[in-house]
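Just dropping this structure here.
Chain nomenclature is as follows: A, B, C, D, E and F, assigned in order of appearance, with residue numbering initiated at 1 for each chain independently.
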Amino acid sequence: MIITMAHGSGGAFTSELIDKIFVKEFDNETVKELEDCAVIPGSKKIAMTTDSFVVKPIEYPGGDIGRLCICGTVNDLLMRGAKAKYITCGFIIEEGANSETLKRIVHSMAETAKEAGVIIVAGDTKVIDGNGGIMINTAGVGFVEEGLDISSRNLTPGDLVILSGNLGDHHATILGSRMNITNSIKSDNAPLTDIVSNLLKEKINIHTMRDVTRGGLATVLTELSRSSRVDIKLEEDKIPVSNAVRDFCGLLGLDPLYMGNEGKCIIVVPKNEAGKALEVIRNSKYGENAVIIGEVKEMAEDKACVYIETEIGGKRILDVLQDEGLPRIC
Amino acid sequence: MAEIDVKKYVEFLQKYDGEELRLMEVCGSHTAAISKSGIKKIISPKIKLISGPGCPVCVSPSAFVDKLIELGRDGAHIVCFGDMMRIPGKESSLNEEKGKGLKVDYVYSPMDILPMAKENPEINYIFACVGFETTIPVYTLLLDAIIRDDIKNIKLLTALKTMPEAIDFLCANDAKIDGFIAPGHVSVITGTKAFYEVSNKYKVPMAVTGFSPKELVVGIYALTKTCINKDSFLKSGKSLVGNYYKSVVLDEGNTKAKDNINKYFKKGDAIWRGMGNIKNSGLYLKVEYSKYDAGSFDLIEDYKINKACRCSDVLMGKISSKECPLFKKYCSPLTPQGACMVSSEGSCYQAFKNGD
Amino acid sequence: MCVAIPGVITQINDNNTATVDFNGNLVNAATGLVDVSIGDNVLVHAGCIIQKVSKSEAEEILDIFKEIEELS
Amino acid sequence: MIITMAHGSGGAFTSELIDKIFVKEFDNETVKELEDCAVIPGSKKIAMTTDSFVVKPIEYPGGDIGRLCICGTVNDLLMRGAKAKYITCGFIIEEGANSETLKRIVHSMAETAKEAGVIIVAGDTKVIDGNGGIMINTAGVGFVEEGLDISSRNLTPGDLVILSGNLGDHHATILGSRMNITNSIKSDNAPLTDIVSNLLKEKINIHTMRDVTRGGLATVLTELSRSSRVDIKLEEDKIPVSNAVRDFCGLLGLDPLYMGNEGKCIIVVPKNEAGKALEVIRNSKYGENAVIIGEVKEMAEDKACVYIETEIGGKRILDVLQDEGLPRIC
Amino acid sequence: MAEIDVKKYVEFLQKYDGEELRLMEVCGSHTAAISKSGIKKIISPKIKLISGPGCPVCVSPSAFVDKLIELGRDGAHIVCFGDMMRIPGKESSLNEEKGKGLKVDYVYSPMDILPMAKENPEINYIFACVGFETTIPVYTLLLDAIIRDDIKNIKLLTALKTMPEAIDFLCANDAKIDGFIAPGHVSVITGTKAFYEVSNKYKVPMAVTGFSPKELVVGIYALTKTCINKDSFLKSGKSLVGNYYKSVVLDEGNTKAKDNINKYFKKGDAIWRGMGNIKNSGLYLKVEYSKYDAGSFDLIEDYKINKACRCSDVLMGKISSKECPLFKKYCSPLTPQGACMVSSEGSCYQAFKNGD
Amino acid sequence: MCVAIPGVITQINDNNTATVDFNGNLVNAATGLVDVSIGDNVLVHAGCIIQKVSKSEAEEILDIFKEIEELS
């Protein structure tokens, strides 16, 4: 079936779409009620976030926009130490979209939600002029335990910076299909639930976590260093990048440090807990390749900075991503 | 009509217990107005209100849609009335093709195409001209403007139809109709006289009727009365065609509009979806204006989406929508199996929506 | 698509249109089919004036009905 | 400034947009933290909803997409009896959008949020190919008091149905600008906070509330009647529609019962509370024109239905909106 | 280069305490590679690394962008490298115009335009051809394919430039450069010999250099050594041009590529943004191929966005980006006031991004 | 835009291109500027092979450096 403007009218066509595709996949009591608003158990302290996903193509090696839109929002919740609980999803569908594709995407959302331990409690569908594209917004609510304070302001000199795995896979996957470069790189899109819940279970004193998405490691670390007013020194040869991604970047003049990921995070912990944290992460799903990539330092000048000592002993100062003229990857 | 107290006519129609009367409306707006008024639920079961081929969009054959899609794929921008978007061609509709990149816009008035065409001289525009006598004069004004302003990037694809010929066809083909609720807005243009010939030929009563619930009561009451007293009418030489929409319908209709139609268009055979070819029931641009035509001749294919669809019987008044085996089971506005379910003026659509 | 409803002419424009007021909704309707003046009640279909609306309807209809009653 | 793809890169351009436009307007402590996820006080029972807004034009008489996106989500929360608290917003901006327009929209969001008593706690911005359009998703969280049960399943025969005001204004406004019909109709987009909080304050026993948006009154009531398995009888002459909207519908062959609104709701209460409820609503902001439009009845046949007795005594059965081929209005 | 231990060369460059040396790289990739390597932070302050006009995108004059926009507005689809999108014309950029409806696509390779043009024969495509000697041969292969497959809907808008003439211009205009880090990839095509003439004319040392940090150390070390020992070199008749990128750079370069360039293009004057007209520094399609040209001649306007911008001095090596009064104050990648801040290979952009 | 990096030719194609492998990234690069065979290390710029890469670089450079040292 081809989706047309009528499917966004709010009438019978919309109901058909909701019943046959969404409710069927997001099979839970709340969604089945088909209220305009879900009423669900809460918690004393909650976390809340949102992201829209406009990636093209919507299906790519290793994942699809359905998996992505769950991972993106769940990971943002996890990064503040929240237990991710509820997801809302807003679909913006361009007329001409195929309902079979939509079904696959929605199925993937449902599967990923299960993996991440969240339930989808509310949704919305709009159809707009266009050529068959699908965009999804997800918002998420998580529960935060009292006393937990994980934020970008908590970096402390002496802390070590752990990166949960290789850089650039998601970005290279999306860009490869856009640029017609064949390779076997797969998106890393994944919910980081296991890593975070294991760290919390082991009572690791996490200062800061951040998923390394749009803008890449350099942007994320620069933002953190500015929030906490510290420097971060990275060791270039520790930063894990697959050979395929490295050469992919070489071909297009890109830098893995600025490439987006959708299943990677940095975790900053006090030096004396870093060993244990690393072990916990490595034993968690999607954390197998975690490494310590750097150290938090006192701010040396009047502006916080992230830097790398290069192989010839030079000092390369990183900054946030400027414009790299790339297509959308999330 | 505010001044007429219709209560006693409603009562008459409720209590009617004479011979079964089959009354057909042949105007989509009547179909919708009858549904909305709930009148079917209150009149005697002996008066059956039946929907005929009153939706000009529904009766366009699949070939017309296919031709629009073909023109659009060749780069033209299609402009049409909103209802046209969902009508199925052989494999697709404008709506579906729009999602695949076809340029389609819908407008309130055909005249709205003029500023579009003037602003984008490099784009070729096609207006999808459907309609009965009510709408055809509008296209003549569009042609006036195109010629006056020497606009080179508008063409018309036409599937224009005329009502008296359709009624003649129904009568000639055993439609078993006792009387016609004659189309109010068509009559504004044609005048009541346009229906005299067919009414005389088949001795069939007709009532030109308005669209408000009260006007419907008046028209249906008058038509019923005329049917009952047909013999007296005939004997007294009184016309079986009555005009109950006098505020806008004249015997002669709108002569200026009729002249305009005759200036640009000539009669020809036309395919009505589900009904086949009706002789002389179409209007086509005259040869001298053929440069404004986008290929409207020979659009004869009338592809049937579902073999079991009984649209043709519905349009001919032989069965009601409910009697079609597909109605509400396989056929719904979401999954239309025939033309009558597609446009919001289609008889099956109206039957579905308003729970008739 | 066959909607036609009555409005009042409030202005005659240059470009062969008149402004027709439908309870505050203003439409520029083509005037080519009917000679109109400001204040006329007119029937508009798809952006064109297709007829003037006269007011003396009810009585005429009641007259016809009387005729019909007499026939029966 | 013209917004280009670079503003969606997640780098410096994105930060610029966020700082200069969003943070400035959504001036609150949580948003200023610029975390990927907000951590905020919660409640034992919460309500959660989402909607995307794709209305064109984005600015229209009486409102704009900014006001709309707050009202739409706030109203959905209110309709379950929740106190609306937090809003997230996801902007999808087409390249070519003007930052001045965006500023106005965002300002309008901020003002409407204030009026509605909610705070905007998290946001996201994506830029996509296109021609200057702006789409916004909002998700909302509200707090629900224990014991409150307002849902579409609670309609009870004998209940009266109150409509909070005139039908069709928003829809006619949007369509008028699309169809080039000049009139002075203005969108009714408004947060229904005052109506709901006053009803709750007065301890009215609300069975069901629903905002009358896409699909219109007929669709909303039909859905409710099916959820509760009851009939609803409406009195046609009670249903308030302005003359301008009535004729606007006449011109385009539309039906006010199927026209969308963005500041109207129906409130269903037991008959003996209807008088007081009506008074409370009429004394609330945006409820001045409220009327009782119908009554809940036992289901007469095997299928729930909503019907109108017409002026000639006929019975018109309403159904959900089928496809009316209209442009998007929300 | 893995086998060379560069430690002692780094040490040499650190400890250098001779006369101040001003070494200029004239290749955008070198600008980026030098920034990334952090080498400026470790070598002696007496060795100044200066960025020249090495970004082919940045040096295209505003008229080139304006012409692309004009062609796009006339209905053509523009295809370009990603960096081209943000370069400002007089009033707008391709990026901004894309948001207003201009059709612009960026690609990895100019050859990617071929399938696009074949799939959409009704669309006219324009490739925005910028580049030095490295990229120009790619356009000759594109032309080969266009001619071979008789493709009628691709044209080139060119702003092609050649390096030796630019270096000559710098030397002739008082740029005060002691030595040039010669562009590695340009040299792959031109060969080292292409630089002999200008090096001899101005007695200026040049080192053809690769792009890894180690290769940079080697090249800069060699260039420094050559500068120090210039007199000995000259006395001994040894060329001042050294090749330290031997894995891909030959003395003769790529003769096949050079032949191809000569087949399609002829030399002519060219405007370099911020620098003005450099005699014979441009390449233009020959008359016999002019039907593939979209109007590349006379694109001479070079609109200056901000009068205070010192791009021209930066490009000429007369000041570093930091010395421009607008740098980091009014001029940033978000708000570029000059060409050097626009492309990611621009010297001000690199100085901004990597905190030089 | 001036990126050029080395890869290995894994296949020669009909349409004047060769498949060049960059650690698993396969690019169809035009062959018109260089005669190539499978296994060649080549430099690719903007989708075109612009040169073969030879391997014996380090020694040559050290030789040059020796020469330069001798000059100084």
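Everything that follows uses one rule, which is that a contact is a pair of C-beta atoms (placed from the backbone, for glycine too) under 8 Å apart; a residue touches a chain by one contact, two chains touch by 3 or more.
Since the model is a prediction, treat every value here as computed from it, not as a measurement.
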Of all other chains, the one whose Cα centre sits farthest from chain E: C
Which two chains share the largest set of C-beta contact pairs: A-D
Most distant chain from chain A, judged by the mean position of its C-alpha atoms: C
Chain B-chain D separation of Cα centroids, rounded to whole Å: 37
Inter-chain centre distance, chain D versus chain E - centres from mean C-alpha coordinates, in Å: 56
Centroid distance [mean C-alpha coordinates] between chain E and chain B, Å: 68
Touching two or more other chains - residue numbers and ranges from chain C: 1, 3
Numbers and ranges of chain A residues touching at least 2 other chains: 5-6, 12-13, 181, 251-253, 319, 322-326
Residues of chain E engaged with two or more neighbouring chains: 29, 82-83, 85-86, 108, 112, 333-334
Touching pairs among all chains present in the structure: A-B, A-D, A-E, A-F, B-C, B-D, C-D, D-E, E-F
Residue ranges of chain B touching chain D (in the complex, touch as defined): 6, 10, 35-42, 82-83, 85-86, 106-108, 112, 213-214, 216-217, 333-334, 344, 349, 352-355
Chain A to chain E touching residues, read off their complex: 179-181, 251-253, 255, 305, 308-317, 319, 322-326
Chain E residues touching chain D - in the complex, by the definition given at the top: 85-86, 93, 95-96, 98-101, 332-334
In the complex with chain F, residue positions of chain E that touch it: 1-4, 27-29, 56-57, 81-84, 108-112, 130-132, 134-135, 137-138, 140-141, 144-145, 185, 188-189, 218, 221-222, 225-226, 228-229, 232-233, 236, 238, 242, 244, 246-249, 254, 256-257, 260, 343, 345
Chain D-touching residues of chain C, taken from the complex the two chains share: 1, 3, 5, 7, 22-27, 44
